[in-house]
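There are structures below to look over.
The two complexes that follow have chain A in common; it is paired with chain B in the first and with chain C in the second.
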Partner chain A sequence: MISPPPVNTEILNLLAPLLVLVGAGLLFLMFGAFRNRVGTFQRALIVILYAAVLFYVGKLWNAEGWPILNGMLIIDRFSLFFTAVVTICALGSVLTSANYLDRFGLDRSEYFALLFFATSGMVVLVSAYNLISLFLGLELMSLSVYVLVGYRRRDFFANEAALKYFLLGAFAIAFFLYGVSMIYGLTGTTNFKGIMVEATSRGIARDPLFLLAVALILAGFAFKISSVPFHMWVPDVYQGAPTPITSLMATAVKAASFAAFLRLFYMCFMMGSSKWSGIIAVLAVLTMTLGNIVALVQRNIKRMMAYSSIAHAGYILIGLASLSIESTRAASSILYYLLAYSFMTIGAFALISAVEKREGTRGLDIAEYAGLGLKKPFLGLAMAVFMFSLAGIPPTAGFFGKYYIFSAAVEGGHVGLAIIGVLNSALSLYYYLRVLVVMYMQKGVEPLDVHDDLGVKVVLLVSLFAILWLGFGPERLLPGVESILEWTRVSVAKIASLGM
Partner chain B sequence: MEAVAFYIIAAIAVFGALLMITRRNPLAGAFSLVVSLIALAGIYAMLRAELIFILQILVYAGAIMVLVIFTIMLLNLREEELEEPPAGKIKTLIILAAVAFGCYGIIKVLSGAPDEVPRVPENFGSVEKVGELMLTSYLYPFEIISVVLLVAIVGVVLLAKKVI
Partner chain C sequence: MLAASKYAPVVLLFVIALAIPVLMIGIATIVGPRRLGVKKKVPFECGTEPIGDTRKRFSVRFFLVALLFIVFDVEAVFIFPWAVLFRQLGLFGFIEMAVFLFILILGLVYVWKKGALEWE
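Right, the complex of A and B next:
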């Protein structure tokens, strides 16, 4: 008879961020039973609950990171770092949601319950230490997001987006599971550490079945991070989803998937072979080039951001291709990039959601941004900084993110990748700056109707500040750039040492 | 002996799946799927995974197939609405699958990878053992699954509601 894993206060403490999120989801389902609309009190409560998660992350930061509950999950700095990132992204999405839902008549408490469940799925995903918990995290996150994408049920585009995302997502997850079942068949375990030990000790890594399994798992992840050739769904789904959810998908979903991808491949499949590096490098080149080139011709700003997010996935894949056991530089640059990318994308989508309209032209055409820069100076300035940062112009966080990734690639001997990356960023300048040209240099025909309420303004201000702070913030009051870089380094140090 | 039984059952499963995608009538396709699912249950039985065997018959071959057939009947498709099965595509698919299978066999023989597989412990897959594991080693996934199912239910209700 096996005894159940001990669930004591220590473990409950480690699980606190997850428990708060799941509890919050249940609470908001209960609210829905009594009242349809979400009031000011509930909105404040959502912000407080997310803040509580961040508080627990800070409290646990120095905890020893060992696998708990029979090696199902691990709460180490890596998972805490990403818990913080996805919580910040979800918070950004919540703050932009309030006004948006009001305008579109979608204000219901289930929406926020699902947001909480999606976030808890991401936390499960980033702290997974076993393929089973990884899969369940992926499913919990995806199921919640599928529903949120199709939340605007009367809208044709939303229906199309939800159906497309659901069917293709189920297909991708099936690939992933097929790979997992092969890994289990070969190694007899689903534990990351166990797979790593088995794969290195018995020569399983050479088995063609093992390669097939890893390729299938790679395909599953490539779908979630919207890498070419699994990117077809991205523009339609990003366009059809409610804008705050698009923001969540472009930031939190992507960051969480990248986190699990990074941990699994760094620990289990990267050992001593450059096979996967080569394949990921090819994916990286295809992903960023296709994303950037197709983004050039987009008229709809949400579609443009969708292709831009594909391109950014490509840049991050450069970091994954340059992973090495000797140096944590590539891995830590991915963490920094995801943090920086999240802030600029949240900000940009907050602004897009404020300009979006329910009727008529819908306010999604880039041409409709004409005159915005001069009529709303703060919004114009914020959008300018977001676009500069997305394009990678110094001194914004976007520049430093790209700088760290490219220099890690050069260090890892992938000079060609770095060069293609730089050329791609130059290409991306065109479509990012076009938004600014329209905003500042063209006269608007229609009167602007921008709904920038307090929530949107807070998101814009915080993202604006974070983008500049991540670029050159000194060590005062808040932790500066040096500490943030140090966080990214210690977060990946443990995984690298376990991967030896 | 075991290998022969396995190949027979596996052939039935593949045959059922093949029939399912080639039948023009959706109802015939659904019944072919039942054949495939039951054959799969046979493979589970051969692996001595009792619980999965029972669940496969009850849930997949039983409950889910009833739902599928129910949906097909609700759709009430007429003869002229059915599409012709794309014969060319299916032929290509079969050839591709055969090629992939052949390549895999060649690589397997050439690479000389170890053929031994990990042994499973005693009582693996019995109802008692699965129940025990679910509440001990796999406690965490078990709890997460409950949240996943809750989200699925809430999501369906939300999307099927008349008004939001």
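Right, the complex of A and C next:
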């Protein structure tokens, strides 16, 4: 006999961030049905709704993390941490969008409805405690982003990007699902905890079919995080998508995918065997090296940032390869890195979107940044900090992110990985600093036409502040570095204890 | 004996399912007029030419209609199990399904207002 689950307000409380996002998506869909333009009122509403999500995350932070909805989702500190990260990234994308959409004639409510749906998919993804809900979140996120990528319908590059991303994404998801079906066949469950218990108790972990299933799931995630054998789509898609969406893909989509990847592998598939960490280590080396080397020769700044984001996925994979049950250090360093990386990438893309033009040279060639640093001192300074941070130069957040990841790798016995990581960082300096050289040391030929409106300036200012604050912020007014590191530690502590 | 009587309705269904087309085709053969032409001798293919290029161009509207059909057809798959267990699920199930249908109806309102349901 089926007994309906009790409806209590506690569950609604725990789901509040998700409910706000889904409700907001539906609301903006209705705005889209009845009127086309997005007014000031709607724009303010979007910011308020995202702020409400952050507010609820803060309110839930001390909640005890238990699986809810029959073990479909888990609202623990890990999921709340990533809910906050993806919300901040989406907010950054929204603030960057306002002026960009006006200029490119894309100003429609559906854009924001899709953004809200994508964000809610990410929240499901980071809170997933079951392979089915993980898939649901992944699809809700991906389908919305597929549409957003092709949002400039009349643009050739946008069409190419959307089609490429959709077709390859569908293949990746199919791999993933195939793996999931094998896992279900072997363990009889799709629940994370159930898979972990089954895999350890009955020696399924040694079954070749199980290894194949995990490899397929790994392939699905590797596509989403743009790891090397599955990275081909990245430059084309990042180039064709509207710049605020590129920013979202490089930050929120990646962070959410890494979160699900980390939780699933940490809980279910690590199990003390070094097999997976070996495979992930190989992926990490390939991803970093390819990303950095190909970025060296890029002339289009969006493509350069695409390869840079591949390289950064490689650094984060070092952290995943160094995961261990005994120490939470590697896992917490991944969280810190993703937070730091998100801020610097959002900032850089906000600036790129301000320089981008609709006609002519499109303002995407790095050469077109000539003279920007002197004519717009604030933008120049901001870009300089973003590039230094992406390259990993102290005292920025990018440096500390890399430091934590590499030291976790050394602690986990992967000294070779850390060395390759450091060498790669040195390599990346060349193309990040080239942007600064062009900006400050070359004279611009054409008059610069930069659209830095209030939204873009706010994004730049906040990311600038966050990058420096994450580097050496003291415990005053705001929670400082120590608190943030403590957050990342408590966020992963519980998963580690479950994984025992 | 028991088993046989249990499956009797299935057998009956087969018989009726077989009888109806036999009856229809039979009556049409006996009663209907026969005026054969070139077009009528062609095998029946739901209105398309049986021989010809398969790479025909379809109006993109077909795809839109197919897409909308799938979206709104899937809801029926979810409603059936709910309807079967309607009494056990009670008010909770009713509210759940109301929320589900509300979201779908918003989708319907959207495609309607956007003119996706109009052919021209």
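We take it that the second predicted complex is superposed on the first by the 500 of 500 C-alpha atoms of A that agree within 3 Å, B and C clash if a C-alpha of one lies under 4 Å from a C-alpha of the other, contacts with A are read in each partner's own complex, and residues count from 1 in each chain.
What we mean here is this: contacts are C-beta pairs under 8 Å (C-beta built on N, C-alpha and C of every residue); 3 or more make two chains touch, one makes a residue touch a chain.
Nothing here was measured: the structure is a model prediction, and the numbers come from that model.
Of the two partner chains, chain B and chain C are each touched by A:29.
For chain A, the partner touching the most residues, choosing from chain B and chain C, is B.
Touch criterion met: A:206 reaches chain B, while chain C stays clear of it. Judged by the touch definition given at the top, the superposed model places A:19 against neither chain B nor chain C.
Within the superposed three-chain model, A:168 lies out of touch with both chain B and chain C [touch as defined at top].
Once the two complexes are overlaid on the shared chain, A:429 sits clear of chain B and of chain C alike. Legend: residue contacts after superposition of the two complexes on their common chain; A:106 is shown touching chain B, with no touch to chain C. On chain A, the surface touched by chain B in one complex and the surface touched by chain C in the other have residues 1-5, 7, 29 in common. By the touch criterion stated above, chain A contacts chain C in their complex at residues 1-5, 7, 26, 29-30, 32-34. Of all the residues in chain B, the ones that touch chain A in their complex are 104, 107-108, 111, 113-114, 117-118, 120, 132-133, 135-141, 144-145, 147-148, 150-152, 154-155, 158-159, 161, 164.
By the touch rule above, chain A contacts chain B in their complex via residues 1-5, 7, 22, 25, 29, 69-70, 72-73, 105-106, 108, 110, 113-114, 117, 120, 124, 130, 132-133, 136-137, 139-140, 143-144, 146-147, 150-151, 153, 162, 185-188, 202-204, 206-209, 212. For chain C in complex with chain A, the residues that touch the partner chain are 85, 88-90, 92-93, 103, 106-107, 109-110, 112-114.
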